[in-house]
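In the two complexes that follow, subunit A is the common piece, with subunit B as its partner first and subunit C second.
Presenting the complex of A and B:
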């Protein structure tokens, strides 16, 4: 087991290196010049600036410097915001995105498991049809439309009640987080519901459930101990990619709800061609995702003993 | 022992029926088509997809309004608004009418979209006046609206508003200002309902009539018809939705087609060669999968660059292909590895089949079903990605319309003119829904493994 964890971690590091390299060369290819954005500079100032950011070096040297700095956890200094390190930006904005993401994942996983199990238990009856219809909607309607519609609903609700029941946008309290997290998790929840449904249907018709029924185990106990526990396993495997989808899908929700998260900051940095911030954020997100997938896979090994044997 | 007669040696008559096949043999695709036809949801989705393609390809031939044309008379009009206009005389300059009967703030003639003319008596203690316009009544909080003019001479007691007037109700206020330009407390307000008007010259210019003699002052004329309304720049929504469909569907169908092609080539190569090369190739695919998708979409898109005047469709296509091929490659490789071990391949080999024949006759046709299903599911995700990126302003560059960028423009005026958001959003949802359901149906129809579990 520990060998497996170490192997996965080493693979993860190589993957992060690949992400960093791809980011570096992609950014190097971006047309435009970061130092030309502002007012015209004289040759001397320009040379000094290039030297400061290491842009006067050949690309191979630049790449090596970049890798050395990365390995020490240094993402560099922002091009457009003076004296602000990329690390500071990440430290400031990532927690916001992370909280939103965690809430969304919790919401998606809990909803997906619950609704998926329900549809399987009520197969081909009314609850099944209603939930599956909503699932199809959840998969087909883009998140920005859901976000806009939920804002519209909130506006109507707040003006009908007369006070602010739930804030329409912004960040700060737990109330600000609820609706954005729900919107963010909705697509994943729909996907997980589908997965849970098919997995639950398989479990329901399995031998051990029939045995449990025939020896007289109460239905609630069968549901909790035999069906749910087994059906949940495939859902856990896709949780890694689901976390990835949710955290990177965050920018639209952050944009619509005016949440100061890293996603929104990334979009801003791209618009301003803030090279170091773009590169730093991408590599950071990539590393985060790689390790989230590893964590989920390892957890899966602890939960399902069958995987451990491999 | 019984005697054998000559009858025992009579030849048996042939029993032909034994060998006849009771039903005509079905090819794989015929069989799949029959299954698909039985699936009503998939069939409806297929019709929706065909309708969308017609809308995109044939639509612009029928609805010939240019998607970039700005109808400035009708900006942000929801569908079904009254587009009648009264034909009036050409605009004549006006410099107040002192002797107009009445008191306080009053309207000269009736308000039209050509001009709203106001006349008033100088307010008490005013060293000048400021004129405001609002779309709501002033109310106790003194919300006057947007300032239109500051008239520093107290003798100037008239004002003509020609600023971007739309048919509807306006509230004009005249507020007294003090000697230093500060607002005083006394004001007067008036409600004006503005009627849409046009002139003969304007109607000719806009192409509403062919000849000046067709139209007289006092006639009623209809402005250009916009069945789905107009957007915030007065562009026809229907024409824009068609043009946007071209972009969205081009990316949505083109990108999956290209990356599936690449994925099939890559995956089958890895599957065929096997061994170390296979391992290396698949390792590389794993790396590409690990790239955070949307971030790299944006990164690649800006790396490939958009020159001035370009729409950015091509960089987006390339970025999608670069990032999305590994899933297909993995799938096809798995399929090829599986098929290689199948009994019918060995049987075919025993009968002397050459490698080329095996590939063309067995391998490719047997992966085709899975590949087709992958393409169908890849289309909605590509459309989603395009919409998503255009929505955050990282996709197709304006003025090229796409459903995503139209939603982005529409969301800003969601509260006042929701149709600008609803139509593009509906098209995205409907397309994604149709392709998803069609994909489900195709998977059920084509995938042999799914078939057995039913």
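Presenting the complex of A and C:
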């Protein structure tokens, strides 16, 4: 088991290295120069930066310097913001994105499992039709549309009540987090609902559920101990990619709801061609996602004993 | 109706099933899978229900256990009485759950019939916790004892393992341990050895017989293997197209077969007796369409002895003697030829 975790972590490091390399060379092939824009940087600063990152050196040398800094956990200094290290930007703003993301994932997973199981149990009856209709909506409507619509709903609601029931945008309290997390998790929740439904349908008609019935196990216990745990396995499998989908989707939702998360800096950095911030956030997000996928895979072993012994 | 009724005066059997009929709604129409089945099971005895695939043997017992999905399934008539009390369509009897506590059941494929994410011990302990109010600890200890009873070595260690760590034969032993955990009065075994190797089959059958001797439970054994029937059964019910066509003691059914279908089954069975030059005789044709069951005897188109009446009217039960009956016109007093003359022309009965 531990050997498996270590093996996966080593593989993860290789993956992150690929991401870092690809980002580095992609950035170097983007036309433009962040040091040549309006907010001209003094010759001295320019010289310092060139020296630090070897910007006057051949690209191979630059790449080695970049890797060396990266391996020490140093993502570098922002090219466009004064006195800002990329590490600081991540440290300050990633927790906001992470809380939003975790809330969204919890919402998506809990909702997906619950609604998926419900639709399977009520197959081809009214609850199934209603939920599946909403699922199709959730999958096909992009999150920025849902985000704007939910803001409109909140505005209407708040003005109807007369006070602020739920804030329309911004960040700070748990109330600020609820709606953005729901909007962010909606697409994934819809996807997980569909997955859970088909997996649950398979489990409902399986031999071991029939065995449980023949033992006289009450329906609630069959649901909890025999059906849910087996039906949930495919959902756990896609939870890794689902986390990826939610975190990347976070950029848009953060922007719409004016949430000071990392996504906003990422988008800004791309617009301003801020090399270090782009590379830093990309590598950081990449590493985070790789790590989450590994966590999910390890988690899988705890739920399915067949995966554990390998 | 029936010879079963004759026995009623003597004693109430452990289980009596009468006129049980089950239908399924499908896109193709209504399938009449079971069309009036009667049988009885006595304490400590084994009843074998034999017949080919699709004859309704599994549906018969599953409808008794409430295991048929309804809809599309539907029990249209009949009764099943356990010690005189109706159990059909009911879950509880005298405040006691029927499934698991009164009737235990094991299935054909042990590989898929156990929950892959629960330990064997937990699965055996589950009915004890539910029906007997055992704590988890007590139930798990009892489960280890039951595994030992089912002759699983290192039971304490095995109880903590998962189904994928067991072989097929071991899983079937664990299934048996689970089915008898609450000391049911009846064990239903739905083709318990079909998915297993021949050598393992014998071990499982021996185990079932030994446990029957120890606990005094009755066994309903569903199979299409006449070898298994000969080895295990006290009584045999032969089913064809959703009906019992012959019912009697194992000796009567094997040596004094009364229904042409039983005879056909025997002819189709391989033998390893070197003195008998016996060529396997398959039964030609296929069973009737149960979407539209024929008005007469279902076996008529395949029966070598079929008469005119067989095609149009369903035969009444004919009692050859008490506890041995056959549904066949040949036994009617107006039948021109006697079954004994037809069946046993060139061999002694």
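In the analysis below, the second predicted complex is superposed on the first by the 295 of 310 C-alpha atoms of A that agree within 3 Å, B and C clash if a C-alpha of one lies under 4 Å from a C-alpha of the other, contacts with A are read in each partner's own complex, and residues count from 1 in each chain.
In this section, a residue touches a chain if its C-beta (ideal position, glycine included) is under 8 Å from a C-beta of that chain, and two chains touch if they have at least 3 such contacts.
All values reported here derive from a predicted model rather than from experimental measurement.
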Report summary line: So, after the overlay on subunit A, do subunit B and subunit C clash or fit? They fit
Query raised in the report: In the superposed arrangement, which partner chain does A:15 touch: subunit B (first), subunit C (second), both, or neither?
Result: first
Query raised in the report: Who does A:145 touch here: subunit B (first), subunit C (second), both, or neither?
Result: first
Query raised in the report: Touching A:67, do we find subunit B (first), subunit C (second), both, or neither?
Result: neither
Requested in this report: In the overlay, work out which of subunit B or subunit C sits against more residues of subunit A.
Outcome: B
Query raised in the report: Now for A:30: first (subunit B), second (subunit C), both, or neither, which partner does it touch?
Result: first
Report task. Classify the contacts of A:132 with the two partner chains as first (subunit B alone), second (subunit C alone), both, or neither. Result -> neither
Query - First, second, both or neither for A:290, with subunit B first and subunit C second - result: first
Query raised in the report: Where does A:270 make contact in the superposed view: on subunit B (first), on subunit C (second), on both, or on neither?
Result: first
Query - Vertex subunit A angle, Cα centres of subunit C and subunit B, expressed to the nearest 10 degrees - result: 100
Query raised in the report: Can A:304 be said to touch subunit B (first), subunit C (second), both, or neither?
Result: second
**Report entry** Superposed arrangement (fit on chain A Cα atoms) - minimum subunit B/subunit C Cα distance in Å
**Finding:** 12
Query raised in the report: Which subunit A residues lie in the overlap of the subunit B contact set and the subunit C contact set?
Result: none
Query raised in the report: What part of subunit A is in contact with subunit C in the complex they form?
Result: 205-208, 210-218, 221, 225-226, 229-230, 303-306
Query raised in the report: Where on subunit B is subunit A touching in the complex?
Result: 286-287, 290-296, 298-300, 302-305, 380, 384, 387-388, 391-394, 407-408, 411, 414-415, 418, 421, 425, 428-430, 432-433, 436-437
Query - Footprint of subunit A on subunit C - complex, ascending - result: 65-67, 69, 91, 97-101, 104-105, 107, 109, 112-118, 126-127, 130-131, 162, 164, 175, 178-179
Report summary line: Listed in rising order, the residues of subunit A that touch subunit B in the complex are 15, 18-19, 22-23, 26-27, 29-31, 136-137, 139-145, 148, 151-152, 155, 244, 248-249, 251-252, 255-256, 266-267, 270-271, 273, 278, 281-282, 285-286, 289-290, 293
